[in-house]
Structure formats: structure tokens, C-alpha cells
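As C-alpha cells, here come the structures.
Both complexes below contain subunit A, partnered by subunit B and then by subunit C.
Showing the complex of A and B:
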């Protein structure tokens, strides 16, 4: 500070100014978010920019040709293999979100409306699966769905099938089952939070005006918990489109998803620009799908009135 | 005229009839060892504006919720319109409720809120729209139909809640402290409006409140409740002027209590000796239970009048002003009377200068012996 050289009064002024600066809300806000913000900037925004840049370049064996081209996007959008993979990824992710939300809603509803004093215990129990690694949880589905797996032995033991079914593992259904289980907790929490915010008197008011339990649920509780349903759907949908580990472990040949193709381009195939173009395309498609989901749920909500 | 099957009544009968609308017989509601309501019996008449008055925790809301069907009696029975309510869920009862928090559906606009209960009835040929508009007109909310609940003031939300219940044409409208969230001025305005509305629609209103002025201003009859029991059921005037016991008297506003010795007790009257007021002959309350030779007399502060200058009255007591509190249109004087263990509280209007009486002045107070009422402890 130069103020010390100029005597006391200027020092006081600087101090006052500094205090005023530290107390202003925008400055405090920036100070609070800056560590996370810098972290996100360096590890998220910059890599994405690098990926976007690569998607317009061309790779010649080991060197990158930096002339602008849309060739990668042409391949990404027109090659049947990538189009099919993208469609399959979207289908899997949509199905997973739908099942997860449908399965998570009753659980969240039960905890919120009938959890009583044990709400936090129930929420705690839901987090238990996270005590083991995600890989182990995926592997355990292999044990359940496999040729000599729990499900096959069980069905054979009951005499429902004569020989082990191979239809359970190494296909899209196996990926859907595994992902639905893995993401359940992430869907339960936002739905639970939005249900907690539903004023119970509103349900009573609906009952008072003649609605039975099902009607009051459909007309009051469900529409008012829509924000939670939307977040749950998005929280599950967005990451599952790009899931890589699950299809690799339980998907087999028929369960390959777009992320596996992207990994191949950055790895064995050594075509970073194509991989980058596939990534950017996927990101855009996911954004569109997420937006469409929000709009559809909102429209349904309006219809319910 | 739109048909009104649920509220039909002869045109020649503007006030309430003598027919019972709600019959509550020996209703008890226990939570473990605690009795929220203890053996309450009550008959509410058709077309009546009835109030359940009492401090919080007295069981008034529990009783209201049991009439609505949100709670069930541990023992005893409730009948509405002659029909026993046991086993009938809230959504099939001929009652509708205005909730304390109003419970306006936040995802619906005013019209949709009011039409909520009608939707299920699938009314034909614009009937739903007509009834919604009629209800909105009844509560002076015309033109606000498209507003969202979040865009309404407290008073407007309350009107929506009222319209939403009235549009169902219930036999009984239940109101759970409907005015407690409003500011004083709006509350007083709504008291008048509610009373007017009740007389216009002729539906039986049951109001729960802890505000004695609200109950006095609006009701045909009041039930005063304490600790899960009904202490007194009577008209506002009767409750205010002839409270059955000190608790009721105290809850309904200020009351001076004077100790008395019973000299003579017969049929309908009671003669007692007091230190400040001498020998007094008063009506014996119906519920009076003699407890030894002692009794309590009560006189409301506004029934004591300051005697100015040389004015005299047939019945007067003399004392000294010890405190003075100014309240705008009235002044409270605390007057010590020789022989009384507690000074008397006197409410005097300010038109003759009661607000200028200095503390320490000797004054005389006039009273009407009729205003001295005997009551149980």
C-alpha cells in the first residue's frame, strides 16, 4: 500500500474503501464462488473448448491439420454406425430416466408422506449403495444377470426355464437395468425435496372439495412435485447418454453406446477430430433432449389442470 | 334461478330455523392420555352462524376438523343434517372448509381454484362457469378470475378460499380462524362481510376463533371452550353479560370480580353481602353450583360510571383513582375501593373528560345492580 507513505488520513480512507469493497455483496459473492469457478474454468470450460476446436480439424496419422473443416460432422451425422449408436444412447437414456423416475417416485412419496420421525433414517438407508464402488455395483449385476447367474439359477430352480437364458446379459436391456438401479438414489432425492415442499393443507383442501386420495394426488400433489420430477429426469438423463463403463461391462455387442465409440476414436482409432465431433454432436443432442423433456413435462402439468 | 339443491330453504325464513344441522353427542378425542376434546355435546341449528371460541389448545379446531372428517372421535357421535358421519370420509361430507392458511392451490388461477370441486361433478351447459362467476361475485372478486394465487393479497386469498367452498353449496361451511392472518382494519371489514354473506346464502357457518370480539360481532350463538370442554353455549349477549364462570368472564373481556357471602338462595335469585357493594340481590345463573357460603360477583368495567360533581345515583361506590390509562376514545381508570381486596377497573368514554382525572382523585362510581352477576368459580 502506498497510503502508509502519505500519512494517516489516506490510510484510513484506503482501509475504509477496502472494507466497503469487502462488504459489498457482489464482491463477497464472487469471492465465494471463485475457487469452484476457477476449477470449473480450467477443468471443464477449457477442455470443452479444446474439444470443440479439434472437431473442426483433421488428423493425419500423428499430426493434426489445423485447417477448418466440417468433414468430421458430416461423418458423425451421416455414417449409419454413429447415427445408430446415438439413437441407441438416447433410447437407453430416455428409458432409464423414465423407469428411474417411475420407480423413485413412490419411494420419495413414502418417505415424505409416511416417513414420520424416521425420514432422515430412510434417506440415510438410500445412500448405502454408494458405500461400494460403482464398478462393483455394475459387476454385481453381472453376477445377477449372467449365464450361471442368480436370476438364471433362480428361474431354473423354480422350473420356469429349462436352460440358462443368454438374453439377460450383454444387451441394451442389461444396460437399462443396471443404470436404472445405479441412478435411483439421484432421482429419489430431488423428488423427495419437492414433495416435502407440498403444503399438506392443500391435499386436505382437495379432499374437502370432494377428491378421493387418487384424484387429489393427480390434481395437487403430482403437479406440485413436477419440479422435482423434472430435475430427477434431467439428473438421470444427461449423464446416462454419455455413460461408458456400464455398456462396456454389461452391454456386450448390442449394448454399445455413443461414448464407447468416442472412446475408440480417442484411443485405438486415433482420430481425435472425429471423436471430438461425435462428442460435440452428443452434447448438442443431449441439450435438445433435456429441453424437450422440460417442455413436455410442463405441458403435461398444464393438461392435468 | 340456478337450482340450489343443497341449500334450499323457505323464503319466509330469513334467520335460522330450530332444526338441528349438526349434532355432536358426547364426543371425546384422546391422544394417549391427553384428551383434546372431553365429552363435548352440542347442537348447531340450521342456518345459524355458530362460533367455537377459546384459547389455543382448547379443542375447538379438533372439533371443527372432526365435523369436516379430517379427524375422528375416539368416542361419541357427530351427525350433519340428520345423517351420522361415522365412516364417511371428508370428501363425501356435506361440509366445506375455509382453512386458516386458505390453502389456495398455487398452480391454479383464481377461477380454477374456485372451480376445483365442481370439475368432478361434470356440470352441463356452462353451469360450472355460471356458478364460478356467481361465487366470485358473492365475495366481490369479479375480474380477478385469471390471477394466480401468488398474485393475490391476503384478503383476496381469503375471498378465494370462501368462494371455493361456497361454490360447492355445502350444508355447513366450516371456517378455521379465517381472519387471524389479516390486519386489524381488514379483519373488522371482513367480519361485517362474512356475517352479511352468511345471511345472504343462508348456509350454516361454524367459525373457530380465539378472538372474542370476532365471535361476539358475528355469531348467532357461541360455544366457549376451555381445556377440551365446552364451558358455555349461548348468544353473544348472554355470554358477555352472564358468563357461567370466572374463566368465561375473563376470556370475554375485562371483568371485576368481587367476593361475596351468600345470605339467601332461592329458586331464581340469590342475595349476597359484599364489602364494596353492600347487599345485592341478583339472578341466580342456571349453572350455579353452591360451594359453601361463598360466591363471586362480577361487573364489567364499562358498567361502572364516573359520577361528576354533585351528581348522585341510587347505587354508588366511592374510591380513589390509582392509575389512569388512555386509549383514545376511552380511558381505563383503576379505582381503589375501601374494603375490596382488588381495585376496580373502570372504562369511561372520554366525552366528559375522564382522561383528565388526576391520579389520587377521590371519585364516586354509579352502577346498576343488574350488572352485578353471580357466577361459579
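Showing the complex of A and C:
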């Protein structure tokens, strides 16, 4: 007893210290993250709340009238121009997310199932163009699709067309092409991650039980990778709905999107409350669309099983 | 072995090849036309010149923009990385309620439309009476850089053996001493990688800078202004090419360091993985 007691003090001390550490673990963890958390609160949450507040106010020249009103939302939802821009933005972002996911899936599948030892090299190759400036990538599409651009001059040089086509640039297809290219990598990565998690023995089991390669893919691999497809669709859909640069550079009159209208309210038109209401409406509508997409993909996943 | 893999991949490897072409081709036109003599970017190419590059240093506005970008990039990357270190350390080391929610909030700028993030910050800054300047741009860039910094650092922090820290504490080091002498050297590659990634993002970022800057331009804002003038296009292409090369080099170094930091753990995959 005494012998062990002699050995106890240092042991008891470390144990006590560890206990204290364990007890204060939440406190320490929270204290450590609080500067970053506060930063996000002050520069993200607070601003979004301010935007929401503004959307219920009105502006008279330079002063903001703080009486509650839904007038801005009435304008945002019923004025044909904003309604059309919102629909077009939703249509464009839905189309772009559909295209990026469909184009990205085979690549993600290829890297995950046939990438061998070079998986990370493939991923690196695919992500590197996306670390270059977004503005520059959109600019290069302008150079490609322009009236005197690469595609027109190239096609004319090959004798396929006689005069430059005006159909390439300044419309919503140009916006869709550019955005599909710009967001490609963002769709590949989540799908790749979920494919990596697919238990390969399940695929083997399906094959052993007599499913062909296509059937086992449709009934095992594809449903199991649904979470990746969902996050890929969302990670493309939500940011693209508010894209500003692409419609401005390659969209022309037919490709204007809601972000251009929002920017105008904070710039030339100087109607902050309306701009705020347009922003809130866009976020709400895209959230609804995202929710619907998740439900549809989940329903399809259940059907496949 | 390679042939067999190609066979098993079959048409998929052909598709992968075409996809890589689709990813790279548009970007490659910038350097091609930046060394072409004709002022408009179209085929056939007319001849080789470095004139557009030679003109760049003689444009004072461009040099100002480059200097501004450098200042903003350095400040934003250092701040974002410091905040990222704190958050990533907290997330990987401690368990506490609300951890996932806080993490989700910090990562949110990654999935929100940039325009909405930008205009909401603009509104608050104007309300607070902050005059728009490079400082407000830095504030905005830090917010969008933190998620990337977190991703890089979390994969680096998850890698190391916690028992080494415990050993150091048991041997009598203080918490700070342990951090400085044990933790920091192990996570240094991840930290440098985060600095490089954040610098690259800040260097290339347009929307937030566009909304939050006063009269001073960063490089992307300068490029945006030049795009209105067709005659300035070759210069823009040359400048764009230099930016592409800079981003490419910085990201390659960052990726090599990130891999080194994550080695020994199962943290494969890219920045988002």
C-alpha cells in the first residue's frame, strides 16, 4: 500500500491533468475555433441578415425608410423582367448542373475504378485548370465563340462555313457551355469520393449472382454513389444561379441573369432594398430547386434498387 | 499491364482523354494568341511575337494593379491561414457540441453564390461607414479563402500521431511549447500549402474584389476594365497568360506540399475530397 502510494503522486498528477483536459475539451475546442467562427458570423451571417432586413425596407434617394413592406418582393416576383431573369437563371443553373454531372460521372468512375496507382495524378490533372482565374476562363470562351473568334475562323479556314456565325456568342447557350466547362471539376470530385466508398465486394457479389456489368452498375454502383451525385449537383447548381461574370461576358442580351439585375440595383439603379429582395428571392428559389433535386435523385435511387 | 488496364477501361479511357482536352483546350488559347502578331485572336496564326509581353511593364495602371494584388494576396492568405489553423485544429483535435454546425457555417462561402456574398458584405461595410478600399477586399477574400485553407489544413492535421503531442506534454512541455516544437514542424507543409492556395485564390478572385474595392484595382479588375477595348485584347491575353502560369506553379507546389503533409494517412484525393 505504502509502496504503491509512493509511486502514486506523479501518476495521480498526470491523471488529474488529463481529466481536467478532458472535462474542458469542449471549452478548449470552442475557444480555439471562436475567432474563425466570429469572423464568419460578422462577415457572412450578419451581412445576410442585413440583406434580409433591407429587403423589407424602401429607399428614397439616399435615405432608407425602415417601415416594413413587402413591396420589393411583389416587384421581384411579378415584374416580368425580374421574373424572366429569375426563370432563366434557374433554367441555366439546372441545365448546367445536369450537364456537368452527366459529363463528370464517367470520368469520376474511370478514375475510381480504372485509375490504378495514378488516381491522385488524374485528380490533379483535372483540378489544375480550375485554379486558374475564373475570369480568364470565361474570357477564353469569349475568344473561342466570338464573331471573329477561334471557332468561326477555324471553321471558315476548314471550309465548313462561308461566313462567321453569330449564333455562337451572346446567347444563353454560350452561357451554358461556359459554365459547364467552368464547373466541371466541382462535379467530378464529390462523385469520385462517393465512388471510392462503394464496397467493391458488393459489385463482385452482383456479378457472381448473375448480373451483367451494366445491370450491376445500375443496381449497385449507381445507387450507392447517389450521395456524390447529389452533392455534385448542388455544388454546381447553387453558385451558378448567381453567376455574374459569364452572362456579362458571353451572355449578351439573351443571356442576362439575375445576378446582373442584382448588381444593377446596387450600382447604377441604386435601389438597395429591391436588390436585397432579389437576392433573397433567388436564394429561396434555388434552395427549393436544390431540395427538389435531392428528393428526385433519392426517389430514383430507391427505384433502382 | 498498361494495355490490359486500357482494355478494361475501354471506351472510358478514350472519354477521359477527350474530357481532359475539353478542360484544357479553352485555357490554352490564351497563351497561343498572346504570342501571335495579329491583334485579334483568330486563325490562321500570323506570326510569333513577344511584343505584347514587352509592352506590359510600360503600363503604370497594370503595375499598380499587380502591386495591389500582391498586397491583398499576402494579407488575405496570412489572415485566412491563421484563422484556418485555429479552426482546423479545433475541428480535428476536439469534440464538442455544435462542432458540425460551426464547421458548416465556416465552409458555407464555398457553396453560396459569390455575388450574394459580395453584395451582403458591401451593404454591411457601407452601413458601418467603412470606406471601400483594398482593406475591405482583404476582409472579403479572407472569408472566401478560409474554407479552402480549412480543407488543406484539416487533411494535414488529421495526419499526425497525437501520441507525440502527449509524449511532449508528459515530458513537461507547456501547451505552447508542444505546439511550437512538436505540432508546428509536422504541419508546416500543410500551412505553406494553405498560404499558397489562399494567395492563388485571392490573386484570381474577381467578383468580391469588384464589389468591395474603392478606386484601387487588383489584376482581375484591371483585366475586366481592359476587356471593353478590343485593341487592348493582346495585352490582356499576355497578362492573362502570366496569371495562368503563376496560378499553375503556385497550385502545383501547394499540391506537392499538401500530399507531403497528408502522407502516411489515408487522406488521398484533391482539395475537395
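FYI, the second predicted complex is superposed on the first by the 274 of 305 C-alpha atoms of A that agree within 3 Å, B and C clash if a C-alpha of one lies under 4 Å from a C-alpha of the other, contacts with A are read in each partner's own complex, and residues count from 1 in each chain.
Keep this in mind: a residue touches a chain if its C-beta (ideal position, glycine included) is under 8 Å from a C-beta of that chain, and two chains touch if they have at least 3 such contacts.
Model, not experiment: these values are computed from the prediction.
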* To do: Assess the superposed three-chain arrangement around subunit A: do subunit B and subunit C clash, or do they fit?
  => fit
* Broader residue contact with subunit A after superposition on the shared chain, subunit B or subunit C -> C
* Asked: After superposition on the shared chain, which partner residues are touched by A:224: those of subunit B (first), subunit C (second), both, or neither?
  -> first
* To do: Identify the partner contact of A:171: answer first if only subunit B is touched, second if only subunit C is, both if each is, neither if none is.
  => neither
* Figure out whether A:124 sits in contact with subunit B (first) or subunit C (second), or with both, or with neither. => second
* To do: Answer with first, second, both or neither: which of subunit B and subunit C does A:207 touch in the superposed model?
  => first
* After superposition on the shared chain, which partner residues are touched by A:29: those of subunit B (first), subunit C (second), both, or neither? -> second
* **First, second, both or neither for A:69, with subunit B first and subunit C second** => neither
* Have a look at where A:199 lands relative to subunit B and subunit C in the superposition and call it first, second, both or neither. => first
* Asked: subunit B and subunit C, closest CA-CA distance after overlay, in Å?
  -> 10
* Using the superposition described at the top, list the residues of subunit A that contact subunit B and also contact subunit C. => none
* Structure fact -> Counting only contacts in the complex, subunit C reaches subunit A at residues 5, 8-9, 12-13, 15-16, 19-20, 22-24, 26-27, 29-30, 33, 40-44, 83-84, 86-87, 89-91, 93-99, 102, 105-106, 108-117, 119-124, 127, 139-140, 142-143, 146, 170, 200, 203-204, 206-207, 211, 220, 223-224, 227, 236-237, 240, 243-244, 247-248, 250-252, 255, 259, 268-273
* Asked: Contact residues on subunit A for subunit C in the complex?
  -> 14, 25-30, 32-33, 35-37, 39-41, 43-48, 50-51, 54, 103, 106-107, 109-111, 114, 116, 119-120, 122-129, 131-137, 139-141, 143-144, 146, 148-150, 152-154, 157, 181, 184-186, 189-190, 192-193, 196, 234-235, 238-245, 249, 259, 262-263, 266, 272, 275-276, 279, 282-283, 286
* To do: Going by the contact rule at the top, pick out the subunit A residues touching subunit B in the complex.
  => 199, 201-202, 204-212, 215, 219-220, 223-224, 301, 305
* Structure fact -> Note: in the complex, subunit B contacts subunit A through residues 68, 70, 89-92, 95-97, 99, 101, 103, 105-108, 112, 116-117, 120-121, 164-165, 168
